[in-house]
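Below is one structure, written out as structure tokens, with a few remarks after it.
Going in written order, the chains are labelled A, B and C, and every chain counts its residues from 1.
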Amino acid sequence: MGLLTVSGSPHIKGVDNVKKIMYGVVIAMIPAMLISFYFFGLGAIKVTLVAIASCLLFEFLIQRFLLKGKTTINDGSAIITGILLSFNVPSSMPSWMIIIGSLVAIGIAKMSFGGLGKNPFNPALVGRVFLLISFPVDMTNWPKPQAFSTALTDAITGPTPLAIVKEGISKGQTIPEIMSSGKIPAYVDMLFGNMGGSLGEISTIAILIGGLYLLFRKIITWHIPVSFIGTTFVFALILWLIDPSLYINPLFHLITGGLMLGAVFMATDMVTSPMSKTGQIIFGFGCGVLTILIRVWGAYPEGVSFAILLMNSVTPLINKGFKPTKFGEVVKNG
Amino acid sequence: MKTFKLGGVHPEENKLSADKAIEILPLPKVVYVPFSQHLGAPSVPVVDKGDAVKVGQLIAKAQGFISANIHAPVSGKVAKIDSIIDSSGYRKNVIVINTEGDEWDESIDTSTEIKRDILLSAKEIIDKIHEKGIVGMGGATFPTYVKMMVPEGKKAEFLVINGVECEPYLTSDHRLMLEKGEEMLIGVSILMKTLNVEKALIGIESNKMDAINYLTVLAQKFNGISIIPLKVMYPQGGEKQLIKSVINREVPSGKLPIEVGCVVQNVGTAFAVYEAVQKNKPLIERVVTVTGKSLKKPSNFIARIGTPIIELIEYAGGLPEDTGKVISGGPMMGKALNSLEAPVTKGTSGILIMTQKESKRPEQLNCIRCAKCVEVCPMGIEPYLIALYTELGKAEETEKERVMDCIECGSCSYICPSGRYLLDNVRIAKSKVGYIIRNRK
Amino acid sequence: MNQVLIYSVVTLSSLGILAAVILYFIAQKFKVIEDPRIDLIADLLPGANCGGCGYAGCRNLAGEIVKKEDLSGFMCPPGGNDTMKKIAAVLGLEAVETEPLIAVIRCSGSLASAQKKSEYDGVSTCLYAHMLFSGESGCPHGCLGLGDCVVSCQFDAIYIDSETNLPVVSNEKCVACGACVKACPRSIIELRKKGKKDRRIFVSCVNTEKGAVARKNCKVACIGCGKCVKECKFDAITMENNIAYIDFNKCTLCRKCVSECPTDAIHELNFPPKKPKQEVVEQSESNQ
């Protein structure tokens, strides 16, 4: 017999570990990924592979040669960043731009803060926003979805439904006019993902399947997605009730753009979201309000990523202000 | 089914010895009886080297208010007053007695007959509990008589009996309820009489259905005792959590259960009270679960206080070759031993053997801020934050984060996916803040 | 166009003037008149803010010195006597010479002499290990080797020797600020006189257990036999709680106790190798 080990209690450990959580998220993203492969074909596969590979590579290089420490690329977090980055770009994105995005996401947004768990902002979103600002044309050049497309670059491109609405309104058209113009896909198509957009955001259904899986595995809780989506819906509903000719109906807001993707996969990122349940609800609320503000009155047609990043920046404040309910604090006896 | 609302985890139960009847452990040749087996001041020995003692004879007297008498667990000669490493990990003073025969003090009723009539008055009962050295048997070892004296201006409404045994592996309370159910219930009645309360609630987790059913039938014969089945959830055995589960009252931070009209006692304590009051028997033995996945024969023993732990392990099939850790208590809150000669004390509810593989902690990774520790904390504090403060050398600042509320249940360290030593760091913060608070007074 | 230019220039300059006026009055209101000598002295201090002087930071010490106008009782351990002399010159005061001190580790329970009897697994801090158990060697007073002193040292003067698992203090770097003394949960570290040519003699053990028990855990523990007390002609060694202690103010560094100790618990540092006995006596006398 060896020496007895002495350590503080507890002496047993739950089954969850970082790897399981990370790969759980990867599994949850597979439906949305498959949908993107279906509609955008080889281009989507190429973008996804490039993003994952470059994220892993940068993480490895930085940990190995810059920080000269242990490499933790197999913990799955870089894969998530890679997939999320690919989810946030159009399938026609040139590979070199994606590699730059990965470098920004991993190098600047993640490793420069100290790696996994230390980053204040969601790395993939930082990468996306960097790309959006640096290469606005390529980032808003959306190939039209075609089932089983094999072409690497789709010839036909078009704007996303949100961009169509934004453009229409800026031209002075009313919402019913825009909707009847024939440019907006049918709601069923938008629900399944048959519309222009970034790889991961098109199919609401696929994202919701992933979200349910995450909830089932207890990787995320309902608080952020529900309050995010709920706030967006209610805010949009109020605007729509005020003037349906100026503001589009709330359902449209829910199923277009990156709202679902953001609410399920990016706002729920453990590292950058608040710790307490109340804090998480506030966080989701803030994301929802900002999203609509940007979508309706902002310069960009889409505001989910900016909204989440902005809320990421106030997460430490939320953590300070909204503590969990402590036992014995509110005494209700009887 | 009832449970507490805030936090909690559900570790694998592993109650390996749940169906093993309690066996009486053969008398050890030598016992090592520590002076300090309870919370509070160590007792002062009243015997000397060479003295002959009988079972149940007083050998160390309580010193001060929070302290407890200690009685000879075996008959024989006091070999010496020595020191031995006990379950605290430190060398502590012990009275060493060489066993000779098994001669009991005459005043103790050793018959197996159950005595049902409670003849003593409340005051006499408290004195008896004090005299016989009864302490909380759940592990905290707080002198029971102190707990039974309701402070002026407060009124006890409920007696809450802890039959939860939420620690994985441990089965000593479970077996006690099954095998000594009636005696235990008489003990509960005695405690009710002492506190002058009408109602006693025995909380038992639903993984012990046999005990719940058995006691529910038995309790019909007793006035005011009801059995409350509870959903399995750790740390339900914590005083505050149990009160919340059973009668849905929250004990305010830093206050005692009496604040909400409750007194909590363990089933083991209730049984010890029965023996002390009805049989005049001091606390000289207790039920100890000896368990572990690698152990040949997980068992429940009645062992005399002072029996070296290694002897219990021998009777449970011997120490397995690949043992990495031996724990006194359960896996969530027990203490890892650094010496197997450590004796059984009044607070030893179980001995858990863990293999080398089981005892290895996973590597610590970065905190991913998953908030699981916040979610499971039964006191609603933020373990990650306190650990962070401690690691930054600012442990003193955690007082406002209510670090002193921590009951050290270990749910945070248990759940942490990054395998961080959260409770370790929280304990450091607690000790530093505790030091500051003590100095302030 | 010109109008716009004028408007903006006027607005901005008036804003600037307004801000300047406000700032001026605020500065007047909250003006702190400080003795200029505090700055002078603070500049002379090393600026490590180690707290070794007993005050929170160098500036604080400077303030206290200026307030008292007297240097007795003040000492900057990292700066040493030189710094104190400079301060004295600035203030026109008399410098009080103090003998330099150094941190001494009073435990030699290395991996070899105090073998592991159990293994610790947990946060790497002595404080926690101390809370959990008596230590891997079983000695409740011995060094835990987890380096709380190393972390506490701002001057990089302590490191843990990987072979013995004991801390080692660097003669050159240690400034005797006392941070490690506070950090050690077992009070093993003591500030002792640095001694001529860094020569020091001390009992390298703080175990107060009875001899036999202490010996069980560690071969080099002080067993409280009292031989050194008898040997010492200068009454420098006292025995209390089974542990010998050498008073460094009385010790003459004669080294006689060192060879007397049956467990080698008394350590001598930086002495030349032992020569025949007479020479040692001579040397010790010259040291007096």
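Following the convention adopted for this analysis, a residue touches a chain if its C-beta (ideal position, glycine included) is under 8 Å from a C-beta of that chain, and two chains touch if they have at least 3 such contacts.
Note that the coordinates shown come from a computational prediction; the quantities given were computed from them, not determined experimentally.
Asker: More contacting C-beta pairs: B-C or A-B?
Answerer: Of A-B and B-C, it is A-B that has more C-beta pairs in contact.
Asker: Compared with subunit A, which chain's mean CA position is the farthest off?
Answerer: Of all chains, C has its centre farthest from that of subunit A.
Asker: Return the distance between the CA-based centres of subunit A and subunit C, expressed in whole Å.
Answerer: Going by mean C-alpha positions, subunit A sits 53 Å from subunit C.
Asker: Just how far, in Å, is the C-alpha centre of subunit B from the one of subunit A?
Answerer: Here subunit A and subunit B have centroids separated by 49 Å.
Asker: What's the distance between the Cα centroids of subunit B and subunit C, rounded to whole Å?
Answerer: 43
Asker: Provide the list of subunit C residues touching at least two other chains, using ranges where the numbers run on.
Answerer: Residues 117-118, 121-122, 128, 132-133 of subunit C each touch two or more of the other chains.
Asker: Specify, in ascending order, the residues of subunit B that touch 2 or more different other chains.
Answerer: Where subunit B meets two or more other chains at a single residue, that happens at 89, 335-336, 338-339, 359-361, 421, 424, 427.
Asker: Among the residues of subunit A, pick out those that touch two or more other chains and give their numbers.
Answerer: Expected reply: 2, 4-8.
Asker: Would you tell me which residues of subunit C are touching subunit B in their complex?
Answerer: So the residues of subunit C in touch with subunit B come to 117-118, 121-123, 125, 127-128, 131-134, 138, 140, 209, 213.
Asker: In their complex, what parts of subunit B are in touch with subunit A?
Answerer: 6, 9, 11-12, 89, 168, 240, 244, 248-253, 255, 260, 319, 321-327, 329, 331-340, 352, 354, 356, 358-362, 365-372, 374-375, 377-382, 384-385, 402, 405, 408, 410-411, 413-419, 421, 423-424, 427
Asker: Could you pull out which subunit A residues touch subunit B in their complex?
Answerer: Going through subunit A, the ones touching subunit B are 1-2, 4-14, 16-18, 20-21, 72, 75, 114-118, 221, 270-276, 323-334.
Asker: Can you tell me which positions in subunit A touch subunit C when the two form their complex?
Answerer: 2-8
Asker: Give the list of subunit C residues in touch with subunit A in this complex.
Answerer: Listed in rising order, the residues of subunit C that touch subunit A are 116-122, 128, 132-133, 136.
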